[in-house]
Amino acid sequence: MAKLNRLQMAWRAAQDLQEGMVVNLGLGMPVACSDYVPAGREIIFQSENGVISAGPLAAPGAADPDLVDAGSRQITIAVGGSVIDSTASFAMIRGGHIDVTLLGAFEVAANGDLANWDSRIPDKGPLVGGAMDLAASAKAVWVIMEHTTRKGAPRLLDRCTLPLTAPACVKRIYTDLAVLSVTPEGFVVHEIVPGVSQAELQAATGAKLHFAPDCGVLLSPDIADAG
Amino acid sequence: MAKLNRLQMAWRAAQDLQEGMVVNLGLGMPVACSDYVPAGREIIFQSENGVISAGPLAAPGAADPDLVDAGSRQITIAVGGSVIDSTASFAMIRGGHIDVTLLGAFEVAANGDLANWDSRIPDKGPLVGGAMDLAASAKAVWVIMEHTTRKGAPRLLDRCTLPLTAPACVKRIYTDLAVLSVTPEGFVVHEIVPGVSQAELQAATGAKLHFAPDCGVLLSPDIADAG
Amino acid sequence: MAIDKRITAVAEKLQGIKDGATVMLSGFGGAGFANTLILALRDAGPRDLTMVSNSATHLLGRTQVLIEANMVRKVICSAARGRGKELSPFEEQWKAGKIELEVLPQGTMAERIRAGGAGIPAFYTPAGVGTDLVKGKEIRRFNGRDYVLETAIEGDLALIRGDLADRFGNVTFRGTQANFGPAMATACKLSIVEVFATQAEAIPPERVMLPGVFVDHVLAVGGR
Amino acid sequence: MAIDKRITAVAEKLQGIKDGATVMLSGFGGAGFANTLILALRDAGPRDLTMVSNSATHLLGRTQVLIEANMVRKVICSAARGRGKELSPFEEQWKAGKIELEVLPQGTMAERIRAGGAGIPAFYTPAGVGTDLVKGKEIRRFNGRDYVLETAIEGDLALIRGDLADRFGNVTFRGTQANFGPAMATACKLSIVEVFATQAEAIPPERVMLPGVFVDHVLAVGGR
């Protein structure tokens, strides 16, 4: 069984980003996607603190503490980019001008419910950030997440057990085992990593899986994940 | 009886604008006020199409059709000014960031009701513009208007007869006969032009006038009104 | 293939505008009218349009060519009065009952358009409360003051005038060209901007006044 | 005497900030924190503050000095979680019931602040609908979708970081310094901006990012 590592998951999701799309990348695995966009494809990476078209991380020595993305990383502005304030940035998000938001998740339900903001850590304060605005209003919500918890419990469920970020919003899911979409019938599997059977994938999932007629193999290049 | 002409009325109102005030001037007599601000006093003249700090009209030959005020006049930007879009301009207006708006009026009532947008011209379309936003939200609404109609009927009334722009908003009125304020008790007269008695002013007014204890003489320099 | 929103002709881009569409036209006082695009829309000829424009009748803007061509079924504006005593083309058709009119306080109109682009379905505003203009609309009290509920306006097509544009669709404005343009671009399914000139090279970040995210096509027409 | 909003010391300007005041602090991810002004506010010492800031706990911003000084009664933010497993100063006081928390979707927070400065008492938004965060709030359906009613947030004091300012109070921002700053400036009775440098000469119109109309005082503190 060839589970993808975190960077490979980001790579796989990045392959589905199309020229000219306006894309918001969430913290964690999603932000790594910008490193794996196919060469020559121009994507507008929006960051909710007001960056329109974030470029690569700033080179050491050239980093500017006044220029950061929503993950507080010191970045650059891509050619053609600009900066707006928070109200304008969320007007853009809320108004449906983000083609895809790629978010991490704790759980996703078969109806597209997303839980990614409150994992119920005792005493730690809640962290909402921009996830609810993005999940509610992006044209498409895609999720990158491990298929199961570290203990092997499924994260793709009939119903979420954790507090929701937004109901019925997730359209596509990239896990370390498979690529799935959320349809009116529930989860549909489009690709599975080599060495995992449909039955094994179903066993790792907390909701009924449907398999696309052209369900294929989820392949990714070797990418070392130091993280 | 020394009625003020239109430019003298504008002059009188301009004397009450204080250093640093943010002031919006309506079409007609109000826009003339900017010509009569006492020397050395800096006023920020906002125009609702997005001009923050309009300067004088553009010189002939230097006029730029892309730079106009809300009266479609080709203007300049004053030192320290800038330009914003309509949504930002009305956010500024609606949010109470205009210290004074000086508007023309057909009628004002003793409770401060303002009627200045619909004079019921048959078949002509209605013209609201920014007056309702300004009247509803400026910190102070001042009016410049002739005391009576051309036929001598009063424009300062117990109740407006024309459709309202906003209720109970007017604070101060500059007419060709007097300077008045609107108080919880009704109209209070502060200055009257030479040669007009309190009784004559009352006779030209459609609501009871109160006279301030220090009611003075309304004087203005000679200004020729070509209009 | 890189992002390139520059076009050399607009007719084809307007073919998808159907009868009954809502069209937003920027412009205020002679500044910011996309007159080239408006004429192209007249030539495209969709009918029963709802026209959203600050004024139904402009002296310098060409908004009334759509009215004169009998393409407009409804006007949403803040100013519907033509200059002078004779009736404007809008007033003629309005008087004859051929055009419906929704007249709004200018700030309410601007904010409703912004709301349309910003995912806000409705908001409360003080403008117009206590006047005939809000008859039939919901009034609600917050902190001891009455406000009127106003809903978002969205459109099918925005025709906007700017100064410069780059291949990403980033736009700058001169003077007071912007006025309703940026908000209209956010509120419409298809947003086209005519500019003095276009360039392949990106406009510097700090000079961008309307981000290309909100713009579909830019057309250089000269005429600064 | 001309308009001049430049100040050389801020302590006196903060004397009017009373116990129970609402204070807005700009800043996001290390950019745009008015750390000099925040320390001055700590020294001024008003108590029972409501602190409006994107994050209750910043690594690079000094927002938590107000919390550590026991000056904050309530926090309105979108992020209340400290990094690492140990509790942040905010989390300690929150856990102990000493600080009330109102956590909002970041866009809702930004729009509520904008509304406070723009004379909009309330608006509807889709963010948070169907989640625990909108419990007790009014839900209303527009065009077949549910939205939540959110009200404006206004403040007594905004402390903002910019780059350059002129005597009119016009401000520019570098990089992503702006974030919540411009909206906060519009929403507060008193708005103070610390900048790298001030100048008597006016900032050119096309470079102004926060108009001086919304700014009461500007203080040069260096530190670019």
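Which chain is which? They are A, B, C and D, in the order written, and residues in each are numbered from 1.
Here is the rule we use: a contact is a pair of C-beta atoms (placed from the backbone, for glycine too) under 8 Å apart; a residue touches a chain by one contact, two chains touch by 3 or more.
Model, not experiment: these values are computed from the prediction.
The chains that touch both chain B and chain C are D. Relative to chain A, the chain whose mean Cα position lies farthest away is B. Annotation: A-D is the more contact-rich of the chain pairs B-D and A-D, by number of C-beta pairs in contact. Distance between chain centres (mean CA atoms), chain A to chain B: 56 Å. Mean C-alpha position of chain B lies 36 Å from that of chain D.
If each chain is reduced to the centroid of its CA atoms, chain C and chain D end up 33 Å from each other. A separation of 29 Å divides the Cα centre of chain A from that of chain D. Shown for chain D are the residues that touch two or more other chains, namely 111, 114, 118-120, 125-126, 206.
Touching two or more other chains at once are residues 83-84, 90-91, 93-94, 137 of chain A.
Inter-chain contacts, as defined above, occur between A-C, A-D, B-C, B-D, C-D. Contact residues on chain C toward chain A in their complex (touch as defined above): 1-3, 114, 116-120, 166-168, 170, 186-187, 202-203, 205-206, 208, 211-214.
Chain contact summary for the complex, chain D toward chain C: residues 111, 115, 118-126, 142-143, 145, 147, 151, 206-207. By the touch criterion stated above, chain A contacts chain C in their complex at residues 19-20, 22, 40, 42, 44, 46, 52-53, 77, 79-84, 90-97, 137. Interface of chain A with chain D (complex): residues 48-51, 64-73, 83-87, 89-91, 93-94, 118, 121, 123-133, 136-137, 163-168. Only residues 28-32, 54, 56-57, 59-60, 78-82, 87-88, 90-91, 94-95, 101, 103-108, 110-111, 113-114, 125-133, 163, 173-183, 224 of chain D touch chain A when the two sit together in their complex.
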